[in-house]
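Chain naming follows the written order as A, B and C, and within any one chain the residues start at number 1.
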């Protein structure tokens, strides 16, 4: 069953259409990248998929179930996990505690009033594993707000992975990273590819073209093109609307 | 008989609502634009009343008392804003609550120190001592004047907010503060201006309230809480919300207190009605607020955020 | 230095346990009353701190629950019900229902609106108490005898002291477990970043509501004790200033810590006691001015603490100890 089907999605802010009749699918195990110039509505799309913003019209289906009106926490529980463009972690918690919270969210209710969560192997075990997976194990005991920017981005990813999602929504995971840090993330995403269905929003074109199975190009909330990397590279529309701009800048 | 009584009580409610509007309009801007919780707004109202009472006694002119009270409170408000509060804009709400709570304690004791704990009484100015004839009903001229002045202030505020450049900045600030700052507007000056405007309106309310309420320490808090109810009900940051919220609170509170006990006697056992009536009447506006918030958490007229 | 951090609560509670002995030896029963008061308000502040310090929810209306506790004792006593179990049961039941309903409305909002609405609800109950003329109205009602808990003779000030002490110590221990357990971690996570918590899959409202009710019930318990201590139930217990005082206690003590609010309560009540009563023989009648207007000094102190000592007294001590170690 196709993990994600988006049909006719519509969202306006005042007079501005942030999402304008968008159709999009993410197939099982596919890494589907969404690119587009600033203001194309990429983050708004992710926010609608994760449930933080309600669309005005259209339909979102996750594994055949209509989740258009499901609250954000429910979507996370059924397997949609996201990362944020602007790092959003629990700043006063350690890295390990951050990931442990993600694990705890998916480990039944949290009305546990007596045993210390810090010594709960059912939480710390998977949390430590997720930190290991993103290469942050050595910083497990550091407070999140004391981590370097790149490390915080890794932590975001670890939190997203720790919930054992079926669909990952990644909002510019490489934003603000150094070249080396970005390479690490690309390697990590390459390793994740195939195991998860991933919707990736990213500005780094090298990364996108290296990783993506399919690419959707978003301009003013509309998909002007959707296809394999080669098709997108060859599309004259895309060159004009998007890549053209970039070449002109470079 | 009942109709004329109802009419009088409606006017009284309107008059209380107008007084609340003078306080809530300034405060809601401080909340909305500066994102600042100022609990000491009631203290400015209290100081305005004290300044007015003293000046009225000294000069014998109500007008002069008004000018002095507004000017003195404005100066004091701006001084407090610059010296203490401006440091707290970037802090969290808790710090703001605590600091302005501390200010309330200081102002109340300062007033007690200067004027004593006993209430100070202020006369209605001679020119407004009589009654006016409203559709055949006599109504105290002074209370009527409060309504008229309040509506005039409301109109002036409307013009200021919707027809001037400063007003445009205020509206923009309420919807998106950081954006206005990013556009190069001197947000510091805008803040001081808004705070000063609030202080002046609070003083005006204090002046007007002087002859009808007792001027005493702590008078600011009871009205502050009514003001907060009006603001929250109307929608934080919105002048329109402050206006309708204040009128609603004023009318519901006044009319409720006047008629609810009698109304209860119609349905309930006399002793029970006697007991529950006044208690229920004084809870009415809070129940109203609870119902509004349960249905619309952001109030009746929420500011549209961009 | 972790040891110092562990040792301090034990030492603090140990000293509290010794107060009746000292009061007895020095023949100053007054201290018994003062420290009973400190512990009652410490308990209330501890309850408020569960949502304020650990949940980031600034409730400016927790005096309301203090009042519910006190009035449960007062009203039942007025009707001749003296059983402490009935007092406590009624107080907790009414408190739970009130907190659940009020919490549901208040938690629909956040930030500034939450502060104002909690304040308004407390004020609503204040006016309700003032309006209850058959129960003393404005003046409140005096309680002829303390709650009867079987063989516990609360009428004896020392027994009452140790009952309060035991409840305070037990609450401290229970909350210590709670804030470190899964529930407490969710609460703290909401304080840090609620949006993220929702995205992680937490239905945050139900956890915040549970914490709100628990926090209210601790204040209700403190209210029952306060009514027993003063043998009085008054609308003044529900005044908005009391809500403010509770927050100030948390601030003075340090909000990130469990013991902080209790230390803060001790500090505030000590400040009040000293400032209202001292006779230093200062010139120009300064003594009398300070005695009469001590609240202004408290106000100034609050502002200074907010601007400089963000972690509070106890928080500062702990932090210093941690750094030295």
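Points to keep in mind about this one:
Rule of thumb we're sticking to: contacts are C-beta pairs under 8 Å (C-beta built on N, C-alpha and C of every residue); 3 or more make two chains touch, one makes a residue touch a chain.
Computed from a predicted model, the values in this text were never measured in an experiment.
The interface with the largest number of contacting C-beta pairs joins chains B-C. Set against the C-alpha centre of subunit A, every other chain centre is closer than that of B. Spacing of subunit A relative to subunit B, judged by their CA centroids, is 48 angstrom.
One finds 44 Å separating the Cα centroids of subunit A and subunit C.
Separating the CA-averaged centres of subunit B and subunit C is a span of 31 Å. Interface of subunit B with subunit C (complex): residues 31, 35, 37, 84, 87-88, 93-95, 97-99, 101-106, 108-110, 112-113, 221, 225, 228-229, 231-232, 236, 275, 278-283, 286-287, 289-290, 293-294, 297-299. Across the complex, subunit C meets subunit A through its residues 177-178, 180-186, 188-189, 191-193, 195-204, 207, 210.
Subunit A contributes residues 50, 52, 71-74, 76-77, 82, 84, 88-93, 97, 100-102, 104-106, 110-118, 120, 123, 159, 163 to its touches with subunit C in the complex.
For subunit C in complex with subunit B, the touching residues are 52, 58, 60, 104-105, 108-109, 111-113, 115-117, 119-121, 123-124, 127-128, 130-134, 240-241, 244, 247-248, 251, 289, 292-293, 295-296, 298-303, 306-307.
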